[in-house]
Structure formats: structure tokens, C-alpha cells
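Order as written gives the chain letters A, B, C and D; numbering starts at 1 within each chain.
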Amino acid sequence: MPATEKELAETIRRISGVDTRKCMKCGKCSGTCPAFGEMDIHPHKFVSMVEKGEIDELMQSKSLWTCLSCFACVERCPRNVEPARLIEAVRLAVIRRQGENYLKADQIPELLDEKLPQQAITSAFRKYSK
Amino acid sequence: MKFSYYPGCTLKTKAKDLDAYGRRAAEALGITLEELPEWQCCGAVYPMAKDEIATKLSSVRALVSARDLGNDLVTLCSACHHVIKRVNGDMQNDENIRTKANNYLQLETPYAGETKVIHYLEMLRDVVGFDELKKKVVNPLKGRKIGAYYGCMLLRPSKEMQFDNPENPTIIEDFIKAIGATPVLYPFRNECCGGYVTLSKKELAQKKADVILESAMEQGAEELITACPLCMYNLDANSTAHKLPVHYFTELLAEALGVK
Amino acid sequence: MSSLHKIGVFVCWCGSNIAATVDVAAVAEAMRAEPNVVYATDYQYMCSEGGQSRIREAIKEYGLTGVVICSCSPRMHEATFRKAAQSAGLNPYMVEIANIREHCSWIHKDRMDATAKAIVLARTALAKLNLNQPLTAGESNVVKRALVIGGGIAGIQSALDIAEAGYEVDIVEKTPTIGGRMAQLDKTFPTLDCAACILTPKMVDAAQNEKITLYTYSEMESVSGFVGNFTAKIRKKARHVNEDLCTGCGLCQEKCPSRKAKNEFNMGLNTRTAIYIPFAQAIPNVPVIDTEQCIHFKTGKCGLCQMNCSAKAIDFEQQDEIIERQYGAIVVATGFRPISLERFDEFGYSQNPDVVTSLEFERIMNAAGPTKGQLVRPSDGKHPHCIVFVQCVGSRDTSGCGKPYCSKICCMYTAKHAMLVREKYPDVEVHVFYIDVRTPGKNFDEFYRRAVEQYDVDYIKGMVGKVSSHGDKLQVQGSDLIADKQIIIDADMVVLAAAIEPDPEVRKIATMLTASIDTNNFLTEAHPKLRPVESPTAGVFLSGVCQGPKDIPETVAQASAAAAKVIGLLAKDKLKRNPCVAHSDEMLCNGCSACEKVCPYGAISYMDKEFRVPGPKRTEIRRIAVVNEAVCQGCGACTVTCPSGAMDLKGFSTKQIMAEVDAICR
Amino acid sequence: MSIEETKKEYKPLIVAFCCNWCSYAGADLAGTSRLSYPADVKIIRVPCSCRVNPLFILRAFQRGADGVIIAGCHPGDCHYTSGNYYARRRMTLLFSMLDYLGIERARTRVEWISAAEGVKFSTTMNEFAKTIHELGENKKLEDLRCKELLK
């Protein structure tokens, strides 16, 4: 049975280990994020939507696949909220579903060039598929 | 001085230089780097979720292996360092992860994060000492204006990485001074190069790399050094507008020590 | 013994505060069944006049020998109920409080549990009361002189008010001049009157008031004693300038060749000489030699100041002086400083001279400051065209890099700075990044709105993520949460509203005074609402930011309040002492000296006393401990140390506490 | 009633000695802030943690207490300058003796809680009550005669 949105929100909070209530809505994460321009739901809003339990919408979000995991938001957050962990948790919630991988193995070859390090492929695989 | 050494996949393939120069330089500095037997890929990204255990096991195996050899563990690739250091932190501090990982691995002696993980640069700073390094330089890179590119993985999150001041780091600049060159400070040296997103969103990564290069050039850098193969790729192969030579820091180290 | 007691029990509802969770009638009922209890009742507000009169009447009617009040914390109303009992002829120390509010009704939800616990707490108080002895408080003299630690606006105001009432006051200030932080400010919100214009007359008043003695360039060495009778040692550091001879002409300063020291008064924005007067209106107007910078002190040469001083005031041989004095009351007014920004390098403070703190900006805007009030960039002296202000830098920060509290003054001074810049230089574009704008205060919000509506200051709800240099501009990257955008502003200057923290000296002083301090190094008040200017340590009062962040009007109000408390204390000729002091049973004491060693007050001494003994000798002389009740503070360290069980503490006797343990474990 | 059920109903008895200046005020603050902790905790006010005689703790265990906690000012912040240091030294000795007697180390605790730390007071008491609850009833030192006498 698919999980309800409420259960999902609970899961996101649990596996991310983030207490969204600590957020004071200062927006420093969004002031800092290097991928801000490519995101549809920005880091501060992401935190707020997890707080409100609006997970279905987050699971459709482009932001899941544009977060660079650079940890700038984690580093600079004055309240230790760690938005990157929330994004990762929602991303996992998506790719853990059967057939919902963002990146499939047969898509890879066309993305490669000769200089691209293995690290990039491994990282992308870890981030984008299960 | 002997260390266990974890090279990681990329250093065996696309970033052979990073590895080879690193080993040669260490030798010249009187440091023995013993490659861990049968190490496995660290996974390249640290699995942040609290319920991700299996993806952390390869790092735990490397850590256990170093412990059993009685060595501190030296890493060279920024990504490997990031992953292994943070997994080690989890093994120290997260009871749930520690218990599950130990249950899975069925070790003779359970592992609780005893291994000390240091990056090659930390080894230069804290074990060799930059003053000592300076004395061993035979071919000082005089007149070269070098920008240090730190990227994300070595610095953040600083509470876990404990590497340097995350917003105004100095370790690579001190390294540059030690090998006789002139460090060029620029504000974007700790901003993201675009990372693995380069695979699926090339333009995004390009934009990020360009900003960094622009910032470095503006402050007068004539070349950049990095410790990360992916940063190297993004800054060197993937950038569009501004071109600066990018090297692995070990290459310059080997050059300065006369073992290139 | 206990059968002689007739005890009354009074259970307070505290409106619904207690009665909502504790069945007060059931508590009274249960207590009625206890031995020795002859009367038990409950009432809506025991602390009200109605409640107190019930206590008084019951004492008379039932001939009560002791009273148990089940109510709020004894820290709240113990004194009230003791007074009520006393007025009905009962010894005030025959009153015990069972704390069924803070320790019971407010923290438990289940009515059964809370009621059961309240009954246990009431029985515990009763068990203790059964063993209470009537106590009489001794008296001690009050030294009619007050000590004020810190010479900022808080200390000055407290001292002036105390002196006004006719008492002697000494101000101890560690820097060479009084005036404190306020002296550094340009204009003050919300009226925009200049800080110097309103502060310097007060400084002069303090200096000229014959009741006030200033010890500048002086530090606290030690404090001992207790309320009414403190002894303080003050170290008057050597200025190397004779205060009596110096005319304050300033020639020495002009001639001094050592000019590299950072000027503290200007927040290090320029330099000063080794012999210096911090600022033109300094009081006293006497220079001081910075021995770490002075060429004479470093090399034995130079001496230009001495050669040029016609008053012969320069004295290289001058030594520190220790002054010892008695005081009846002490006011702490040690103030604050902005936090260090070393853990906020994302704002580039340490990397770029044009990123400044608000206090530095204050000096730049000040007509007497390093730029003579010209708004210019510290890096190149150029006029800025765009300034970005960042609020909450290190305030409300629980990440460990900053302070968890709101620094309270930043919203207002940032609005002030923004407004002053726009008024003086209409060509300058001003942006303010804010998380919340907090302006509770008279005319405060109106002031902030004026900045927006009249002066066109651009307030952006969001936070800056990074400041980086870009050409000769500062690239400020931040969020605009209302627009849901990331914005980049090319600024010429960035001003950071750094959090404020108590001056680090306060820790040392708090330890000296045994005044408690919280996790953020702010001094703790005796009660956050009802005793906000008193420290829990009797005779020690709090003034200004050492107690918590506050602006000038609040600081002055608190300074006067502290002064009123001091005056109230000094107006008394005698003080009642705490009668809960140690007492040694001379029949048990073996004179071993163990108690003397642990007493922090030196209250225990020994005497030889003759005792009757059976047998042919008839008497023998034994060494016994004697407690000086005027000095003992009643901590009880000696009671536990005493190996023979001779030492006990009145009001908290071993038997009483044992009885409490028994009652809880019943 | 099955054993399971009796276990569920077990309510531990916890005695907390709090110094008047810091921890008792901290407990007051916990109350003012409505930060709950189990009703099993009963507080005895003492002027200073150094007033707590080891005998009080033994007495509590004898009379059937399941846990005893002593709370004082933070080191360096004692209202009487040094009382909490004495308390710390005395309790270290006492606790190792209790340990020797078979009273689990976790049944006794010394904590520093300031007047401003209402949150710490409540979390400490919650944690301690949980620990004691897990340890279950203390029977090691209980003096059954005391119980008989009181009946």
C-alpha cells in the first residue's frame, strides 16, 4: 500500500535526522545555495514544505536533481537545520520506489566523455538511482 | 613514518597523476604510504540518510583494515576523504549505524571509529610540517601565481571534517608558500564546482566552474591546484569561457621536490 | 517533642494555577489526618491579604506553633508568609513551604499524580517543620558607601543617583576613562540626539560630584564579606602619569614618536600614540602610557614625553596601587562588547577592510571619529555608493558559531545607520537584509518605518549567504524571501550587525561576588520579573547589559532602579542577618579543625573551654569550634565534614533533612 | 494480576537534592516554563550541594528510594564559592562505595544545573527517571524494619 503523505513526511524527518522546527526562516540557505537558479523549490521553502508535510509536491521537484550536495547550506545555517539532508531524504523516497530511478544505466554512455572521472558516474548513480 | 593509504577508484584510472605524484612525493619526504589491501570503492558520495547502512560498509571495511594494521589512514581524493571521514564519524557517534554495521560485518573486534583519517594535505601540515617541507624543496616554484581551489568536500561540514576554517581556509595557501610559489587568494575558492551534476546538467556545472575561474583570474591567479578529480574535470575540461591551467597539488609537490 | 506542636496547613489554589491540576481540598483533607495538624484549609490566593489574614487568625485561634503553606516556590513568597506569621506572634522560622506549583502543578498533567505528589510534598514540609526551632536573626551594621563596577552609562547613572541620595560611591573602571560604549556612539535612536552631547555632561557630573570617587584604569582584585559589609580590593594600575600634576595639555601625546598602537576607542580603524588620552572628552583628562608600545619601556630610551611635560607629571617609576575599602552595596555594570566574527568568514570580515561591524561604522559616522565623520571606505578612502547592512550576524545562532539570543539593539541601530546615511548622502543606495525587524519600544517602530518610507531604505527579508570581493566592489549574495529570489548586490561597503556579548571580565567579577551567571555569561537576576535588578547574592545589584542585552533608555532605567535598591539598603542602619547558620555542639566537638578547613568564609575559630567531667579531676579543658554567626553564610560544608556530628546547620539540620527524606520515602 | 502488569505500574521513587541558588531555581524555572518531568521526582531544598551528607543518600536508599540525584551550581559558580567541589568529591567516594555495595552506579547522579537552565533541569530529570525506571526497584539497601515501623 502506498504511504500516505503524512507517513512520508514522518519518514523524511526520520531518515534525514533533521528537526525542521529549528528553522527560524532566515533564508540563509537560499542566500547561499549555488544551484538556486536551477531549482524550482528553493532550500528555505523545501524545509518549510517538509515541516508542513507537503511531500508529494517535493517528490516532483526539480530541486532533488539539481542539489549539488556542496553542504554550503549545512555549513552556514545558523540553526543547524541541514537542508541538504532533507533534499537527500526526499530524493531517496523517490528512487527507492520501483522503477523511479532518475538515471538509468543505459542512459549513461551518451553522457560520457573521455575525461569524465569515474567518481562522477559513481556519484551520480548513488544520487540518482537505487 | 608509515601510513595506510586509500587511493580510491578515480586515482587508479582518470586521475593516475594525482596518485603517482602523491606517492613519489611522499617517498621523497620519507613517508611510507602502504596501499590498503583489497580496498573497495567508497561510493563517492556520503550517504546522508540515517537508514543508509549498506552504502557505508565499504568505507567501514577500509577503516577496519587500517585499524587492524595499526596505522592512521591517509586519503588523497577529496571525495574519498569526505566519505571515509564522515562514515568514521558515524561509527564514533551514531549508535544505530555503528551497531548495524558491526552486526553486518561480523568483525572479530567490533569497530567504533578508532582509525584516525587524515587527508594528504593534513599529513603535510600536521605530520611533515610546512616548514620542514620547505626545507626539502629542491626546485622552488618561484614566481608562479597559484590559486588554491578547495571545493566542498574537504571543508564542509566543518563540524565533521575538522579540516580548516570552512570560509577562509589557508592550508593549501600555506602549501603553495612551502613549495616556493605565491598563493593567490580569491573568494570563490570554497564554492562548488558543480560536482557530479555535471553528468546530467552540464550547463549548471559549467556556470559554476566559470564563476570560480573568473574569480581566480580576477585576483591574478595564473594556475589552479586541486585535490579532487571531479573538480579538476569541471574546472579544466568542462569550463567554457575562462581557461586557466589546473593541476593536482601533488604534481606541483613532486615538481618542487624534484621527483616529477 | 513533636506532640507539643499544633500545626496549621494552608493549601493555596493560586487561582487555577495549582487548583487545575492538584485537588487542593484533597491535600487539605489528607493533611488534616496527619499527627500534630490541628487545622487545614485551602484558599484561592494564600498570598493575598485575605489569605494572609486567614493564616494570622488561625494562628491565634488554634494557638498554632507552626505553619505549612502549600503554594508556589519559597523563592517567591517565603518572606511574605514569614512576615504574616510573625505579625500573628509566631516565630517566622516556624513556617515551611511545600512547593506545589513550580515543582508540581505546573509540570504534571495527571490530576491523580499531581495530587498524590502534592500530598507527599506537604507531608515532607510538615516533617521538617516538626523539627524546626524558633530562630532569631542577628543584626549587622551597614557601611554607608557603595561600589560601582564599570564606568559606562549604566555605572555613571547608578553612581549619580546614589550620590544624589547623599551616599559615597566609588566607580571602578578598567579603561583609562569613564564613558564606556556610549562614548563611542554617534547618534542615538530613536531621537537621533548625539551620544556625546547627552553623555559628556553626565561624565562631568560624575567627576565633579564630591560624593563620587573615580578609579579609572583600575581593576577589581578581590571582594569578601557580605551584604552591608563587603571589603573590596581595587588595583589602581600605574598610568605613569601623575593625576594630580597633569594639566591635560596633551603635549606629551603630540610629541610621542610611537604611533603604531591600534586605537581601541576607534575600534582599531586608526592608530594612536603610546601615551594617550582615549578621546577628547575623556574623564579624567589625564593620559596613560601603554607600556607595551612605549619606547622608553621597551628600550629605556626616548623619554620625549617627560622632557616636554612642563607639569613634571610623567612618572616612569609609578607602581600599581592597591586600595582596600568597605562597602555596603555593590553595583555591577560591566557592559558588553561585540562578538568576534572569526567564525563568520562567509561575510568576509577578516578578508576585506570594507566589511565592517556596526560599531566600527558608528566610529566612521562619528564627527570625532577617524574619518571626521566623512563616510568613506576604510580600504581606499573613497565615497561609497551602495551599502549593504546585514542584521543578526551571530545573534539567534544555535549552530555554536554565535549566540542563541537576540541582541536586541541591532534592528534599531541598523535603522538609524541606514537613515543617517540616506539623510547625509542621498546618493548612497542602502539595503538592509533582515530576518525579523524587532522594534518594541516607544517610538521605535515609527522610527524604523521612517527609514523605509521617508528615507527609501531598501529592506530585504532574507539573509546574506556570502560576501566576496569582485573588482573594487563587494559582491553580496543573499536571498529575498518575499520575491523567492537569490539576489546579488554589488556594494561598496558591508556593515555587519554583530551580536553583543557580556564583557568577558564579568566572569571573574561574578566569581568574586559569588553572583550567579547564565550560560551566556549574563549575570542572573534574583527573579526575572519581580527582582530584575538584584543578583541572588544579597547586596549585589545589576545595571545595564551585564544582565542582558538592552539599549540606552533601558540601561539608564535599570541603572536608576539598581541605585534605588542600593539607596534603600544604605538607608538602613542595621540589617537582619540570615539566622540559618552553622552551630557546633560543644559537647560533641573534638576540636579536630576539619570544619575550619572547608569554611570558605573563615567563620570558624577555636577556643579552649573548661568542661565538668566525672571523676577526680572534675574539670578538663577541651578545644572546641566556635562559629562566628556574623560571618557564616550557612552553606553547610562544615556540617558534612564534621566527623563527630557536632556541627549542624540551623534551619537545615541533619535531623530535619533526614525527616524530609523519610517523609518522601514513606 | 500478571507480572507484566505489576511491572507496568511500577513507579520509581526518586529523591532530588537541589541547592537553593542554582538547581532549585532551575527547577522553579522548569515549572514556570511548564517543562514536565515525572511526578516520581521529589525535591528537597538544601542551601548548597555541600550540605548533602552522604548519610542522607544512604537513608533514602534504606527507606526504599530507587534513585538519588544531587544537583548544584556549575563548577566555579557556587554561591558559596567552593561548596559544589566538596559535594563532587564526597559523592564520587560515596558512589563508588554504593557501587561496591551493589547499588548500581546509575541510581546515583550529580548534575550541575544553573538557575537559568530550566530545560536542562527537566531533561535531566526525565532522563534520570527513565534510567531508574529501567533499572527497576532498588532492594539492595532497603531496610525492611523501617517499613515495618512505619506501618
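The rule is simple: contacts are C-beta pairs under 8 Å (C-beta built on N, C-alpha and C of every residue); 3 or more make two chains touch, one makes a residue touch a chain.
Fair warning: this is a prediction, and the values are worked out from it, not measured in the lab.
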Chain whose Cα mean lies nearest the overall Cα mean: C
Winner on C-beta contact pairs when A-B is weighed against B-C: A-B
For chain A paired with chain B, centre-to-centre distance based on mean C-alpha positions, whole Å: 24
Whole-Å gap separating chain B and chain D, where each centre is the average of the chain's CA atoms: 50
Distance between chain centroids, defined by C-alpha means - chain A, chain D (Å): 45
For chain B, residues contacting two or more additional chains: 166-167, 191
Residues within chain A bordering two or more other chains: 72
Full enumeration of touching chain pairs: A-B, A-C, B-C, C-D
List of chain A residues in touch with chain C within their complex: 22, 24-33, 36-37, 42, 44-45, 72, 76-80
Residues of chain D touching chain C in the complex: 13, 15, 20-22, 24-25, 27-28, 30-32, 34-37, 39, 42-48, 50-56, 59-60, 63-65, 73, 76-83, 86, 90, 114-117, 122, 150
Residue numbers on chain B that touch chain A, as the complex places them: 8-10, 13-15, 41, 43-45, 47-52, 55, 77, 79, 152, 155-158, 166-167, 191-192, 194-201, 204, 208, 229-230, 232-233, 236-237
Residues of chain C that touch chain B when the two form their complex: 344-346, 348, 350-351, 400, 466, 468-471, 475
Interface residues, chain B side, partner chain C - complex: 159, 165-168, 185, 187-188, 191, 215, 218
